[in-house]
Every structure is written in structure tokens, then in C-alpha cells.
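As C-alpha cells, here come the structures.
The following pair of complexes shares a single chain, chain A, combined with chain B in the former and chain C in the latter.
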Partner chain A sequence: MMIQLDTNIANFTNDKGEETPVQIEVKDVNIFYGSNHAVKDVNMPIHEKSITALIGPSGCGKSTFIRTINRMNDLIPIARCEGNILYRDNNILNPKIDVVQLRKEIGMVFQQPNPFPKSISENIQLPLKFAGMRNKKILKETTENCLKEVGLWDEVKDRLDHSATGLSGGQQQRLCIARALALKPSVILLDEPTSALDPVSTSKIEELLLRLKKDYTIVIVTHNMQQAARIADYTAFFYQGELVEFGLTRNLFTHPEKKSTADYISGRFG
Partner chain B sequence: MKIDKAVIAQTPESSPKSSLLREKGLMKGFIDHYSETRGKTIIYSSALLMIIAVVAITLFLTVQGLRSFFVDHINFWSFITGTKWSLDQTNGASYGAFPFIFGSLSVTLLAAVFATPVAVGCALFMAEIAKKWGQRVLQPIIEILVGIPSVVYGLIGLSVIVPFMRVHFGGSGFNLLAGSLVVGIMILPTVASIAADSLRAVPDSLREASFAIGGTKWQTIWRVVIPAAGSSIVTAIILGMSRAFGEALAVQMVIGNTFQMPHSIFAPAATLTTVITGSMGDTTTGSVSNDVLWSLGLILLVISYIFILIIRMLAKRRNA
Partner chain C sequence: MSSKVTNRIALSLIVLCAIIMAGILAALLGYILVNGVTSISWHFLTSESDPFLAGGGIKDQLWNSFYVLIITMILTVPIGTSGGIYLAEYAKPGKLTSFIRSCVEVLASLPSIVVGMFGMLIFVNYFQFRFSVLSGALALTVFNLPVIVRVTEDGFHSLSSHQKEGGLALGLTHWHTIKTILLPAAFPSILTGIILSAGRVFGESAALLFTAGMSTPNLNFTNWNPASPTSPLNMFRSAETLSVHIWAVNTSGIIPDIQTVANGSAAVLVICVLLFNLLARGLGKVINNKLSGKS
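Showing the complex of A and B:
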């Protein structure tokens, strides 16, 4: 489902010049942690099959915001959200939404690789088993496909029944991405997925994300501005809980409209 | 001359880098190990005392326990497999300890079977469902339960469980099941509190991962949290079992204390510990009757060591 925007943002195109429709529409979102107003009046579109990067200094609310898109903030009792996040004709923030179903379509990958202390194949099959899939053949096929999709298959195909905790940090993170892909979600949220990894693993994940954006909508929080510049089609700059600037990455990095954006991307603070 | 004196007074005696501690005489030099030595002596001697105690108890029990086989020439095999037990030296004594070994093991196992589901359920409630309330209210209550003396549990068994058994299953009401239930209730708080701790030790990142792939709360607990805490929960159960295995008083009050082999869980029985506490006072040191009780003690010790070994092995596998 597409939502027509009345702003000119909808007319942006991605790097290839193709127009991608808006998949998630964020409208007037406010998030509070107790009395702390963590995210203030955020409005932005998230375009289908593209990479949207959220950048900004620590504590600017970007992680809080991304965790709201699949309602992970529900786990924090003092967190409270207001506003609308429209996805497939539904408001994600509606308390009546079945968050379990929502998270099956909007997957998430975290900062620290967090594979389950189970076998590699079990890690990928668990989401399917959660969803009620019992067919062994499909489970096996999905395991292989997901591992191939993240480029891990050749590295682990001989030890699928080994514990996932024995993998290196970068492999674990790719396994976590594969796990998020198992249910074929439409959106994948990544909260600083490479900040705990070495440069080689980081570049592998970046290449992977560029491949994945053909099929998935990707939202990534990153501390690393170069990373945003390298992989993102759209970039949103958050500062002190506010969305300061949103736009095509090439525009935002070359001709930032706001002074604080310019200061941040030139490394003057943050 | 005057100027020289002033200069000397301003400069600290030893060196220009002299520290406050040196000036105040609290530090004399870098080769002063006095305080280190004092601390080390205290810590090392406590550790040594501990080791000596364990080794001494084991040795003493082994020496005493082996007397029946080497001094009194009782056959070891018939001792642990024989089913007839009598310390009556005038009418032909018989030393078959199997009913007690069986009694101890079955009380322990049944107690674990009764306690485990309730204890794990309770731990899940405390650690996963009602986190705040569980930690603030339930955990202290359970810790109080751990500290209740076993004689109180025995008394409750005597006044509640035994009459219940008598009314519903006939007989005197003193039986194996009553003993297992009392011990099961007794170890329940121990198992629950350790199991809750091990559930809390499961990192939140795993719960997040599970929720993020569309797991429900129940699926997360059942498929992610419990398996991750797995061997720690088993350790909690085995710790409870080793406590049940060593319990004498509470069991003795409700189990019936017969020397016969129990033929059902509704029959009275005895355990290694209840026989020792029940008979030790009637024997004289150095007699055969006394020696065989020491042998029962040795068997207790060996099986307790096996429990501890299992716990260590599980811990090792968990860390590997």
C-alpha cells in the first residue's frame, strides 16, 4: 500500500533514479521515557526497497525512534509513544495492533550480535517455528536460502548443527540478519549493526545491505557518517530528539540545509 | 649559613620527590611487604583450614566406614545388596543396607519430581512474569522459607500429611510418599530461588532477539529463556536433591522407619540418614553395630560427592 505524501519528499528518487514509493509514513511522533521527552514531533517517510540511515550524536533519540517502528519499546515499561506511524493502512502505534504479527513483518537486528545459544540452523528456524511452521523440508530450504542470502552458507554449511555462539562476531551478526530474513519481512530495522564489529566484517555487512535493498526496506541507525554516506539512499539527521533534516543522502551530505547538519557531518561536534 | 638552613628546611629530607606517605612515616620504602604478608596469612590459613576440615572428615569417615569390611569382615557386596537389616547381636545380626540406599534415592528422586515443576514455575513467575513484585516480595519470602529449620517441615508433615495419608491411603500414614512430599516441600524454595537467579542471568538481548522475530512471551520463555538457563536450572535441581538426600530429621518424623524393603510408595520405609540418627545412640563405639552405621555414613558421603561432581560437570559444560 502506498501513501501519497503532500510534501515534495515523495518526489525524491533513489541513487539509480528510480522512484521508490513510501512504505512507512511517520507523522508527529513523540516518545517519552518517563518525563524525558526523548523524540519530538518527528515526521518522515521511509521509502520502499531503499536504505534509510538515521544519524546523529549519542542520545539524540535515533535508537529510541527505530525501536518504536516495530514496537520494541513496549518492553520498556516507562516508554510512551504518541503520534502515527502508518504502515499498510494501519497505525503501528495503535495499542490494539498485534505486535507479534507486526514484528514478523518488520524485523530487527541489534547492536550486539545476539544469536540464540543454539545450533546455527536452529537460529534461523526458530522464527518459522514460532510462526507455526512444522514442515521440515521448508525449514531446511529456508535455512539454506537465508544463509546464502547473507553470504554465510559457504562458511557454515558443514557445521549447521554447531552452536552459533562459536562463530566470529561478524558471522554472528550476519546470522542475526539471516534470522531476521527467515520470515521474509518487508522491513528490516538495524540498530547500529556494525558498531561492535571490525572493519572487514563491517564492509561485508554493508555490501550485504546494498544487496538486500533490492527486496527489503532497510532502516539503519549508525554512528558512522561515512557508513551512511556509503550505503544509504536517504538520511535523517537527529539532534536532541528532533529530526533536524531529512533528504536524499547525496543532497544531505553535499548541500545540508541546516547549520547543525553541516556542523555534524563536517565533524564539528558529535 | 642562615640562607643554607632555610633552603634545607624547605626541602623534604629524603628526596625532592618525597611523597606525603613517606613524610608521615606510613611508607618506608618499596620493599615493605608487611601489610601484604598479614593479609595473605589470614586468607591462606582460612583456605587451608577449610581444606583440612574436608580432607579430615572424608578420611575419618572412610577409615571408620571401612572397618565393617576390613575389621569385622562383612562382605561389601552383601552389605550394599542385602535386604535384611538387624543390629540385634543376640538373635543373629544381619547387615543388608539396600532398603536404606533405595529409600534414600527414592525419597530424593520423588522429592525432586514433586518440587521441580512447582519450583521452576515459581522461578518463572518471579523472574519473567512479575519481575518487580517477584524480586521485592516473593524472593524474600522464599529466602525465609529456605531458612526454616527442617524439624518444622517435619512437624507440618506429621500433623498434615501423615493424617491425610492415613485417611486416604490407609495404613499408619507414615510412608515413603509422606517423606518425599515433606522433603519436596522443603527443597522447593531452594530450587526456586536458585532457578530464578539463573533465569535472571539470561541476558535481555536474547529476549529482545526472540521478540524481534515475532516470538510471543510464552514462546520466548519456553524456547529461548529456559533453554538458555538450562544447565543452571538442572544445577538448582541437583542442589535441591543433594539437600533432600542428606535430610534426616524431617524424613525420620514421617517415613515410618522400618528396616524392611518398601513395596510401594504407600509403605513405610527408612533412609540412610534416618537409620543412622535412629540407631547411633544405641550402639557402642567399636562394636560391629556401630561400624555398620559408619559404613552407611560413608555411602552417604560417596553419593553426595557424586551429586557435587555432577554439578561441577554441568557448570564446566556451561562455561565451555
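Showing the complex of A and C:
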């Protein structure tokens, strides 16, 4: 069964329906875990101020790949990367780049909401304080703006000093997005941000991402093909470590070029 | 046998064992307290021990126990927590790390009398610290350091890796992530471990017999100059602690009220350790609430 495409699909790359410039260029990227070749020869563009979805069955390398874009794989001692990911004339994979600075510009939100066991406002202010912001008034304003941006302000404004771990899963995930926004990144990576959430929280996050793409470049890994169809401008289909197909979401879902893409999006495997 | 019956039997066995364990503990504690509490009086706690006559107290010994404990903690907590953080966060898995880890484990299971002998050879004789508060505290450091290292490492390992990823993904450095996110999150469990280990240090006797000594000079509790030989703060005087006192009185005491003094001292010791444990729980909870925001 093909997915219904006539409604709710974000087929336009920006408000005017034009393609946006490429912000990140991925060239010949290979990733190894020890001797396991997890991601093979990936080439793809990531367009500015649009949503790019990475889809594919479990273990296809999509999470490994997204974690490479802000070097989170550095945490895994046996992971090794080859190739180029060009961002603002720099190769992200260059061991000499300032990873801390990179992660300020390319933020990340994870599958499991991971608010720090601190108060709600402290969750947003902690990275700002580390970045050197001391002015209490600005910190407060930024907290409010970020919470408003993710639609959490009205729900939590009376309990900013309460523990963030007391929030619901969906609220926690929106707080994590707000926290990433506070640093004013240009790119936000989301690794299955809604797979631990209920449908209502999921649709809130999807609406939020559609709002955010006006200002941010968004890359999202998702298990859920309908989600990709609903929100993504571009979709990349990964299978067994390879990027099988990349294109505008509307083309990929209606006229897939490869057979395995067609099989996956029609639900024959995965 | 049906699985229901097996389930019943397993449950009854576990409950039985739990009851036996709790019963033994309660009996022991009750015995010590019932026998000892009658000997405890304000006079007992605040007068000096008498080498020959009845009616001596434990003032100096009680002070020595706390003093040695504090010095030990000042030495072990910074080194131990740093070591634990290193092992949990920075050490790369490999031969050296697992060697360090096994050293810590061996050190933690060293019999305390061995630690005492080692302390005597190294601190008392070789470094010429004599029988002193410092020698005792250093011996207890050897005894306590691995415990603190383990407690810290376990505290960090019990945190989910999501917290660390969250911090790093927000452009924090590794050290800042440890300092502002991981350490506060692990702090309650580390603190509990530290206070529990303090109870162990407080009650330790074998490691102190040959390091802190079995006598105390006449202390003048109005003289707080650490350099003065009669000052309670002097680190280079010998210092018989409460648990060593219990042992000394029982084995070689010539006072007529050995039983009373020993029982009273034991009760005081147990009460102190009990208080440490309660403190550990209470403080851990309070600090956790404080660091993590209102719930």
C-alpha cells in the first residue's frame, strides 16, 4: 500500500516553494565501528532552512550517520570516519576542528528526552552560562523566548524553578529542543525525537519543527515514514549502510527510483 | 511441582532469610545498646579516662576518633573522588585501566591489620611520624581511598549516558559536563558512600593500633595551638581512638570497671555510626532536591 500523499505533506522546500541553498555537503563518507563498515560512501547535500529526513530500517546506519555531523561519534572509541562533510568551508571530520564550537552551531536532540536533573530554567541557562553569558536579564529573556519558541512557556512559566525531570516526556523533549535553540545554532540534528512519545506529543513536535525550519536547518532521523512524508522537504533512504536514494520528499515517496526504496516505503520490509 | 508452588517456596525462603538477617542485626544492636546505654552519662562522655581507678570517661578517645576521622576524610575525599572520576570518565579501556582497577579492588579488600603494619613500617618508622594522629590518618587513608574511588566510579557509572551526550551536544567541554551535570547528578550517591565509609573508618581499630598508638598525652582542651604538644589539634601526638580504647581496656586494662567502660564505649561507637548512616540518608535526599530543583 502506498502512503497517502495528498494531504498534510510538506512538499514545498520554503514558503515560496523554491529549493534553498546547500548548507552541508556530505562527500564520500565512510564510518566504521571496529571492523564493521557501518556507513558506506554516502554523498548527499543538506539544504539550508529545510527539513531533511533520514529513513530506513533499524541498523541501516542512519543514526550513526547523523551523529557524525556534530561529531558525537567521537564518544565511541572504536568508531572511525573517513571522507568529508563540508560546512562553512570546513571539513567537520577534520580532527583539528574545535568540536565544542561545532556543537554550538550544530545542535542535537536525542531519542530519549535527556533533560538535566536540574530546574527547568537551569536546563536552558547552563549551556549559555558556559558560553560566557552572565547577564541575568538576558539569561531570563532567552529562557522565556526559547520556551515560547517551542510552545512550552505557558505550560511551565509558573514552575521554572521546578525539576525538569518532573515534566512529561513530550514536554521534556520540547525542553531539550528549547535548550538546543538557546545557543542559536544554524543546524539542529534530531535522532528519532518522537519515537519515545505519544501521538499528541509527536504531532506537537512535528508542528514545532515545521515552524522552526524558517530559521534553522533541520535533519531528522525517523523510523516513521509517515512522519518523513508529513514534515520533510528532502528524504534520504538508507539501507544496509548505503544511501540508496536521496531526493525531494514528494518525488521519493511518489516516484522512487530504486526498487528497495519502493519496497520500504510501501511497507514490504523494515 | 507447579510454578505457583515454586514461587511460594522461593518467596518464603527469601522472607525467612531476610528475617534471620534482620533478627541477628537487631539482637546484636540491642545487646550492645542495652548493656552500654546505662554506662553512658554526661560525666562518662566528658571526663578523661583513668588508667587505674574506676569512674573514668572517654572524652579524649571520642575526640581522637573524630579528629582522626576528619583528617582521614580531608586526605581521602579529594584524592578518591578525583581518582574515581578519572576511572569513570577519562581512563581509556585497556590493560593499564583494568590493572589500576584491580589494584583498587585488592587495596579495598586488604585486611586492616595488614594496613596497620604497613602504616607502622612506612609512616611511623620510615617517615618518623611516630605513633601519631597523622600516622593513623595516613594508614586509614590507605584503607579508605579505594572505597571512595569505587563509590565515585559507581556513582558516575549509574548515570545514564544520555546525560553526558546531552551536555556534550550543547557545546560543553567534557570537564564542564562532568562538573555541572554529571557530578551534581552523582553527588547524592557519592556522599552516601563517603558517609558510610566514614562509619567504617570511625570504628576501625586494627589499622590504628600500631599507627595512632594506644595512649593519649594529657590534652588541654583550652589550648588550640596545633604546635603545642598538649593541644587536641596537634597531629604529631599519639591518639588512642574509641575503638582502640575498647580493645585496650578489654585486653590489658587494670581498672576495676572494665566492663562498664567497654560497654559504654561500644554503645557510643555504635550510636555514632548509626548517626552517620542516618545523616547519609537525610543529607543525600536534601542535596538531591536542592540540586535538581523542586519536584
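Observations, loosely collected:
What we mean here is this: the second predicted complex is superposed on the first by the 254 of 270 C-alpha atoms of A that agree within 3 Å, B and C clash if a C-alpha of one lies under 4 Å from a C-alpha of the other, contacts with A are read in each partner's own complex, and residues count from 1 in each chain.
Just so we're on the same page, a contact is a pair of C-beta atoms (placed from the backbone, for glycine too) under 8 Å apart; a residue touches a chain by one contact, two chains touch by 3 or more.
Everything numeric here is computed off the predicted structure, so don't read it as measured data.
Chain A has more of its residues touched by C than by the other of chain B and chain C. In the superposed pair of complexes, A:112 makes contact with chain B and with chain C alike.
By the document's definition of touching, of the two partners only chain C reaches A:165; chain B does not. When the shared chain is aligned, no partner comes close enough to touch A:219: not chain B, not chain C.
Applying the stated contact rule after C-alpha superposition, one finds that A:120 touches chain C and leaves chain B untouched.
In the superposition on chain A, A:101 contacts both chain B and chain C.
Contacts of A:26 after superposition on the shared chain: neither chain B nor chain C is touched.
In the superposition on chain A, chain A positions 70, 72, 75, 100-101, 103-104, 107-110, 112, 114-118, 126-127, 130-131, 176, 179-180, 183 are in contact with chain B in one complex as well as with chain C in the other.
Here chain A touches chain B in the complex through residues 70, 72, 75, 100-101, 103-104, 107-110, 112, 114-118, 126-127, 129-131, 176, 179-180, 182-183, going by the rule given at the top.
Per the touch definition, chain A reaches chain C in the complex via residues 70, 72, 75, 77, 100-101, 103-104, 107-110, 112, 114-120, 122, 126-127, 130-131, 159, 161-166, 176, 179-180, 183. Considering their complex, residues 92-93, 160, 162-173, 176, 180-181, 184-185, 291-295 of chain C touch chain A. Taken in their complex, chain B has these residues touching chain A: 203, 205-216, 219, 223-224, 227-228.
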